[in-house]
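Before we start, here is the structure in question, set down as structure tokens.
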Amino acid sequence: MADFGLLSAILWFPLLGIAAIIITNRSRPDTIKVIALITALIDFILSILLLYRFDFTNANFQFVEKIPWLDVINSFYFLGVDGISVLFVPLSTLVTLLCILISWYSIEEKVKEFYLALLFTNIAMVGVFLSLDLLLFYVFWEALLIPMYLIIGIWGGPRRIYSTIKFFLYTFFGSIFMLAAIIYLFLQFGTFDYTLLIGKTFTPQVEKLLFLGFLLAFAVKVPMWPFHTWLPDAHTEAPTAGSVILAGILIKLGGYGMVRFLLPLFPQATLFFAKLILVLSVIAIIYAGLACLWQDDLKRLIAYSSVSHMGFVTLGIFSLNPIGINGAILQMINHGIVTGALFMCVGVIYDRTHSRAINYYGGLATTFPLYAALFMIFTLASIGLPGTNGFVGEFLILQGAFMKDKAMVIFAATGVIIGAAYMLWLYQRVFFEKPVSGVFNLPPLRWNELLSLIPMVLLIFLIGLYPNPFLDFMKTSVSKILANIP
Amino acid sequence: MVTLSLNFGSLALELFFLLSGIFIFMIDRFIKSKSYAFWLSFWVILGSMVFILFIPFGDFTRAFRIDFFSSSIKFLLLIGFFFVLLLSDTHLNNFPGLNFGEFYGLLFFSLFGIFVVLSSQDFLTLFIGLELMSIPLYFLIATQYVYRKESLEGALKYFIAGALSGGLYILFLGIVYYATGTIYFEEVSKRLAQGLLKKELLLGAVFFISALSIKLSLVPFHMWAPDAYEASPLPITAFLSGLIKFAVMAVLIKVLILAYSPLKIEIGKILIPISLLTILIGSLLAIRQDNLVRLLAYSSIAHVGYAVLGLVSGDFAGYGFSLFYMFVYLFTTIGSFGIMIYLVRANRGFLEIPNLAGICQNLPFISLLLLIFLFSLAGVPPTAGFMAKFYIFLMLVKSQYIGVAILALLVSVIGAYPYIRVIKVIYMDKGHLGYYKPTYPIFLAFSLIVATFIVILLGIYPRPMLDFIQRTLFLYISLQFLQL
Amino acid sequence: MIPFEYYVLLTLLLFCIGLIGVLFRRNLIILLVSFEIMMNALMILFASISHYTKDVQGYIIVFFLIALAAAEAGVGLTLVVLLYRKLRKVYADEINYFRG
Amino acid sequence: MDLLVFLYLALGMCIPGLLAVLSKNPVHAVLWVLVLIIHQAFLLYTLGSEFLAAVQIIVYAGAVLVLFLFVVYMINLRMEERWRVFVKRSSLGLLILLFFAFFFFKSLAFLTALSPHFKANLHYDLSQGTNLWWIARYLFTHYLFQFELIGVLLLVVVLGAVFLLRKLKEVEGDSL
């Protein structure tokens, strides 16, 4: 196969950058930044190449690499992509690239460590999306904790330590149960190989327990409603890049995990629990939406809005029909782009004024017009205005959920309205009204900020106006996954 | 009359150690130069690492046997000991008043004791070996008593614990002798295989495990560990928590295989509550420690608890995983104590965790290494700590101890907290403590890099090491059962 | 012939007496003395088994135990003397420089 | 007659043992242990080993206890003023003691019921030689290795004591 090794190249290429950064003297931060940027750029180009070569008529795993890793327990270094994961890989590399750009001036201390952590994050994120061996998956999944723990804890805001420890312990706690379930699966079937595990049958009792083990890990990451409390704290205190990674990729891992593992491996349990999860999703949508209304902190508001949006994603996934799942995957990518961009925007003004309080701002539209325009686009995309990508995703999800359960959709649609309310109200409070003293004479947008925001705008309109190519990638794989579910 | 083999060839390595220990010890008075003792021990250890590959297998009387298992474990221990020597050299340069030769000499005696323990074929030799292993340590812990008052207290506590362990061990010896009339592993095993005396020997095993659990600092007998660790010089602490525990674990496994294999399931059941409590108490008490050494002491308590979990199922593969766990822990210990030796050179106050605040600014390299080791101790991939824990849990679930596995997993979340707290202090707090930036002595840098390399390598690709340990064990077991 | 159980009972009794000393006394000298009592108790067991079964091993183990007890006493006394010279304290609960 | 002798010796060991453990004055404790040791030596003699009885008296009474007495006099211990011995460490101690008491009483039944019925491993026969002869014969053949080890062990104790008691040169300004 001609493309053998492409996935490994994408996965491990940042190691070169890491090595180069390690040997660079820390007194030359600009060199470090340039190295990191070039590494991320090349990695992104490689992942675009992957997208280009990907054959979306084929529902099987492509670019498969399988090398024995731990013989004793029959575990493999097993990589592959299908329609579900292929879009996330370029998204991860893109987010890393943009994070490097957006932090160009805002990270001033411990520059070396910061870019090391970012590149390491990139490896772990891509690894999670690529690995088809459960143990390998778990290793990457947990390894992601280390750099995120550091990114939030070192470069974050005033209450960063509380948030980062909360983040670490919550996610660590969640994944422990997944580990137990993985070990059980291995002992039952003697393999960690995802492709071999599909279609195995269990007794209902066991299947439910295993499902819950996996679900807990994913639910903490997504985060679903009762487990969401780490997210606002972590988002609020993280540095801009950290928030963008959290919103853009990290919480997508949960949704990805659900589509990848829960549905195909435990179809019966999925059916059994689907109703419960739908209810939880709707609770998340409405609860988080309402919570947004009384936030006075910009980042916290956006963090709660992502809880709400991820509620849509789980709603879509557990509507268990192709439309809903396609919508959910697309919405995950949309949410990564839009919320990531919103966090970048907040980072932009935070760097200038060092305040995240909504009351602090007012009338930015007159003093900072270009920024206001960009923010408007992201706000509208977040609400889901037709023509932006948010509309496509939410529409598909609601349509899918309608086919599953009509009552849910009514509640979820309320969530859309609440979403419009809080985002527009936020926009009104920050950009209109009378300008306050703190927002005059803000320095204009820098090149790195423009460079990182423009691609997001382009993607929003690209997906919003012409979503078909993106949906084509996932269609066949999604229907294959659903084939198991009666 | 049994003919006895007086095969001095198989005793060669031990004799070599003994003689070089005595030589290094005795010569100390007559040589002014301080570094000769280190170089001598350095070459002795390097030499014996080669030497051990050529030692013929065989018996010396019925008490002492060189076989594949003991030689492999000895080889691993020699590697560990080599690094302890390197650390000692770095650390002892802070104490020009000390007699280095005597220090290294006593270390050699302790290693000699460990080797005897590993090769012993009966319970009496095992006991004498254990004493020989511990007695030099009582003195070594107290090395710094001129400078630090606590060191005598630590030594005394360890001594009292050790003496209690001795008492319990002799009680066990009495029960075994009383019940079977023999003290040889194989004979005990034969009696057990005939289905006789299970109850009596199980009672003996309780005392045996109590005696060894004092050396391993398992829970009802863990009190001495933090004090002794804090009191002793840092290389000795590394020796205590890395090498000694590795060796004692190996011996426990050996006895379980050789003497107690018909009872291994019952013994496993005794070990379950002990190890769970050990993990729980070690993890909980580690939370409120402010001293790095004490933190690592409690963490070593908890880690041995995890390693013991590999023994509960009575499955031989689990024994291999326990040994693997201890091996990983050995190198994590060497790395973390190496880092502490470096920190102490910068400022003694660095052993208190709050003082570590913000050292990543000025000591970025050492902070990064500490980060790796702490994550390994917490069991986060891609470090070796995760792989070691993973295999233990795998074993537990495989042998249907699912409840135990879940409990241990839950406690491991608590156990992660102390380490991430230290990382928090290092990377996220602002610090004010003054210090100068010491250079990296070549040996310290070497051992740190090797330990880091091993911890990461075993986290990513543990297969060769695991294969080595498992094959050793299986070969040993199959030979053993062919004999019987 | 005295019943063999008597010897076992005597052993256990003396061992418990020694154990009481080890666990409850805070005078280090008496602590060491209690260890000696424990050792001595066990010697009786080995010797009596040997006597009743005509097996030499027990006697030999007793011989080793005497030597081991002497060694332990040596170590303990060294530490006690040092402790006294350094700190003028011999009570186990008075030396507590460690907290927690 | 045998029984009477045994009872006397048993009492002669248990009572001094208790007194030693409970005495306030370490000198008294050491002297009570001396009484215990001498009784034990006789017990060992009645158990058929005159050699061990002699070793017991020579090593214990002659060396170890004299060492103890020497240390007690050297550090000039006074009597314990307060009778607070059961206070300080009792909580943990009690726990461990209870643990052992439980095991003892649980095991006592079958331990005492079990008379040693095994076939002797290293059999000896008094018609062929004295007890001392047999001990020596096996000590220097079967148990040669352990015998040498004990030698090393005692050597280590001596060396360790030398190591610690040698006066360390205190280094100025070095508080490490």
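Some notes on this structure:
Each chain gets a letter, A, B, C and D, in the order it is written, and its residues are counted from 1.
Everything below uses one rule, namely that a residue touches a chain if its C-beta (ideal position, glycine included) is under 8 Å from a C-beta of that chain, and two chains touch if they have at least 3 such contacts.
This is a predicted model, so every value here is computed, not measured.
Central chain by Cα centroid: B, whose mean Cα position is closest to the mean of all protein Cα atoms. If you average the Cα atoms of subunit B and of subunit D, the two centres end up 29 Å apart.
The mean-CA centres of subunit C and subunit D are about 5 angstrom from one another, to the nearest whole unit. Centroid to centroid, with C-alpha atoms defining each point, subunit A and subunit B lie 43 Å apart.
Among the residues of subunit C, those in touch with two or more other chains are 8, 18-19, 49, 53, 55, 57, 64, 68, 71, 75, 78-80, 82, 92.
Shared interface positions of subunit A, i.e. residues touching 2 or more other chains, are not present.
Annotation for subunit D: residues 92, 96, 111, 116, 118, 120-121, 143, 146, 150, 153, 157, 160-161, 164 touch two or more other chains.
Pairs of chains in mutual contact: A-B, B-C, B-D, C-D. Listed in rising order, the residues of subunit B touching subunit A in the complex are 360-361, 364, 368, 371, 375, 380-382, 386, 390-391, 393-394, 397-398, 402, 405-406, 409-410, 412-413, 416-417, 420-421, 423-424, 427-429, 461-463, 466-467, 470.
By the touch rule above, subunit D contacts subunit C in their complex via residues 2-3, 6, 10, 13-14, 17-18, 20-21, 23, 26, 29-30, 33, 36-37, 40, 43-44, 47-49, 51-52, 55-56, 59-60, 63-64, 67-68, 71-72, 74-75, 77, 80, 85-86, 88-90, 92-94, 96-97, 100-101, 104, 108, 111-113, 115-116, 118, 120-125, 131, 134-135, 138-139, 143, 146, 150, 153-154, 157-158, 160-161, 164-165.
Against subunit B, in their complex, subunit A makes its touches with residues 26, 69-73, 109-110, 112-113, 135, 138-140, 142-143, 145-146, 149-150, 153-154, 160-161, 164-165, 168-169, 172-173, 176-177, 179-180, 183-184, 186-187. Partner subunit D is touched in their complex by these residues of subunit B: 2, 4, 6, 18, 22, 25, 60-64, 94-99, 102-103, 105-106, 109, 112, 116, 124-125, 128-129, 131-132, 135-136, 138-139, 142-147, 175, 178-182, 187, 197, 199-200, 203, 206, 220, 223, 344, 348. Listed in rising order, the residues of subunit B touching subunit C in the complex are 124, 127-128, 131, 135, 138-139, 142, 145, 149-150, 152-153, 155-156, 159-160, 163-164, 166-167, 170-171, 173-174, 177-178, 181-183, 226-227, 230, 288-289, 294.
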